[in-house]
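To keep things clear, I will list the structure first and then write my remarks on it.
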């Protein structure tokens, strides 16, 4: 059993709380929920109750770089990441073999921005997933898609946000001459690379690191930040609030 | 004896080299310089020769936060940082006592932006220093000052550049909800918080860190990044090139 | 108001809780304590109640390296570290000037291991301090001293414990060829460098770093880890339990 | 073209140098080697000349935890890690499917310590590999094996060496109450977990991290440190010297 609280500020702030219950066998879940609701009623809280034994369904979208994809697939297959993966969709056909080796359905969705393609993806995602992970997916999802899907989408950005938004963040970092690079996992919103940050990872670089060197070092950061974020999400340890996240 | 090389790219790039010589007693330095120049002539390099026994003169400008100031003063006093400190100038009179305890001259320069005040500071800096350190100096130096002074100026910015330029970077970081904060030491140019980066330091934060918590953690980063940069500078290990630095 | 809980394990573990209360003016503290005690009685907890407005008294012991000393003194003087400092005691007379500049009493206690010297130190510490900080104090305190003093003592060890106990940890790290060095703040117990760890800080090194380089980089780590530990202690965020610490 | 030098100490130390040459088409390699040898003869150096176009053959040994294995296999398959992988051998039959998906030969070598089994492994490794990687291989290789194989073996240890040698380093770290955990890639020698360190990676933990949490965080460190070490090795950037490594 764990419990965490956080309040944004002591006087007129918002108070957050996350409690894990160990429920004995034979306890009726609906009844438990009802009693919990009664007990907290006088504070009139916003609340959600999750059953940890229910497995979430995670759809994966990915473009050419496959390192985050294979990291997630292996975490899932080894039993560490407790999700279902109903599909991997990619605009890069070459991932098919890898994905099908893991016995996960693969959908090739070419990167023409036709409405039809996005509609297909939307239908697929809506009916079979509880959340999506963009594991280095380089296509921008339309606002229509985001609104219609309506559930959480986690993206890995290969830069230390809010620096280096948009394309080629390692190139931007190299040109700027920073001495530390980073990767950022965040929720997707309608504003590109602007959604609430979940986790970040960083590593030192020097003038000796070429663009290839940054990319190589960065891939470790991306795997690290993305898997951290996905674990936190699946464990229900993330609360989104006011463009930010509380990660218990 | 140490030697370092770096080339920006193998084909048409620029080649950098730094060599430390141990010179035996009795060697004439001017003669040595001449011979070195002859030996390298056929490559027609740009070069500089420094005598490590010559101590550089470092002027310090500081506003209210004094943690970087006292860090530098103690590094100097303990003999680790081999510089002269001809003065500390501040728009914050309360530092006088601390600075004079270290037997360093203190100048109070109020923060009215009159030309006369900056002219005083310029005269002071020009005649008595080889470089300046802005150890959390919150006044912007005019382009006239930068041009007339003409030597290197190292600034510590309390944010992870290029993110969070300008005032209140910790407030900006808190509002953005980042999970890692940083500090950046860089050379000053006419563009605020845009000059070549010398060193950066970072630390993890969580939603539990208040603004005060960020400021507290950040002070360690600022001391760390600034003293790293000053040591590298005094050791002549920094080469400025094309808006970036090579730090050997 | 903040609240933190932690339980060592869900079934037969120990449950820890720390709650900060904002008490309105006019509330009688003793009455509050009594009511709190009544409310928690049925769990029969071990508990302590601290009044945050009461300032703790921190004695400092230090040998030759003064960087942690000056860091603490400045944190105190700038008002960030809310303690009283009844004295600094050292076996290194040369710190007197620095300490007295900060208007803190200085005691020179030579490093002969006579019982008389330790008795003096014990008397001084016992009557005027709530806890002691060994800010790079290279003398080993006897078990008699520890038992008679009976309050908490925080030490900074300039190595990444449990590696590199005892003298010359940077030399040990260099000889071992590690690629990352660290510093460790911990409570002092009768076993040298074995007490509960409070905080650790690390930095990357390379084969280029000489012993002097390690010492220089390490000093930043030591200041960082020790001030973190002291802030946590003064904020009453540390719970010692079973040779380990919980730092809320 | 790159060049790096390092000398252990300026007076009677050893001087190391690594130079990458870009050789024009049509240059005879043997002639080039001869000329290079002539040019350096008067210093009587120990030297090796490698042809970067020659791909090294890397054998992998692995026990149950497969995260480093899959990381290496994917780095190889994506073309980033330029090696041949003649085989993966494991005492854990369940890896067969994964390995064969990558079209790499898999050998099941049960963990009975019979001489016959080790002899098989030795024969396999000797005839088909230039170096071995122990990607979480929990069997100890005998001194006979090490001597007969005679080439480099890189191991990943899931602890921050020299702390926490031997089995269950995360359990050891948890029991000790450290605040930072690490992983270490090193060359294998006859002394368990004592060989020259190549790379280390670390991450902060808190009292909230259970053993499972440490293991989860640690896996990222292990992948990170091991792939760094393997890249450095394959790029011929590592020089072993006196129980330590120089990594250019």
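For reference, chains read A, B, C and D in written order, and residue numbers begin at 1 within each chain.
By our rule, a residue touches a chain if its C-beta (ideal position, glycine included) is under 8 Å from a C-beta of that chain, and two chains touch if they have at least 3 such contacts.
Fair warning: this is a prediction, and the values are worked out from it, not measured in the lab.
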Count of contact steps on the shortest path from chain B to chain C: 1
Pair joined by more contacting C-beta pairs (A-C or A-D): A-D
Inter-chain centre distance, chain A versus chain C - centres from mean C-alpha coordinates, in Å: 39
Between chain A and chain D, centroid-to-centroid distance (C-alpha), Å: 32
For chain B, residues contacting two or more additional chains: none
Chain A contact footprint on chain C (complex, rising order): 1-7, 10, 22, 204
Contact footprint of chain C on chain D as seen in their complex: 6, 160-164, 176-180, 182, 196-200, 202, 206-208, 243-247
Sites on chain A touched by chain D in the complex: 66-67, 70-71, 74, 78, 80, 101, 216, 220, 223-224, 227, 231
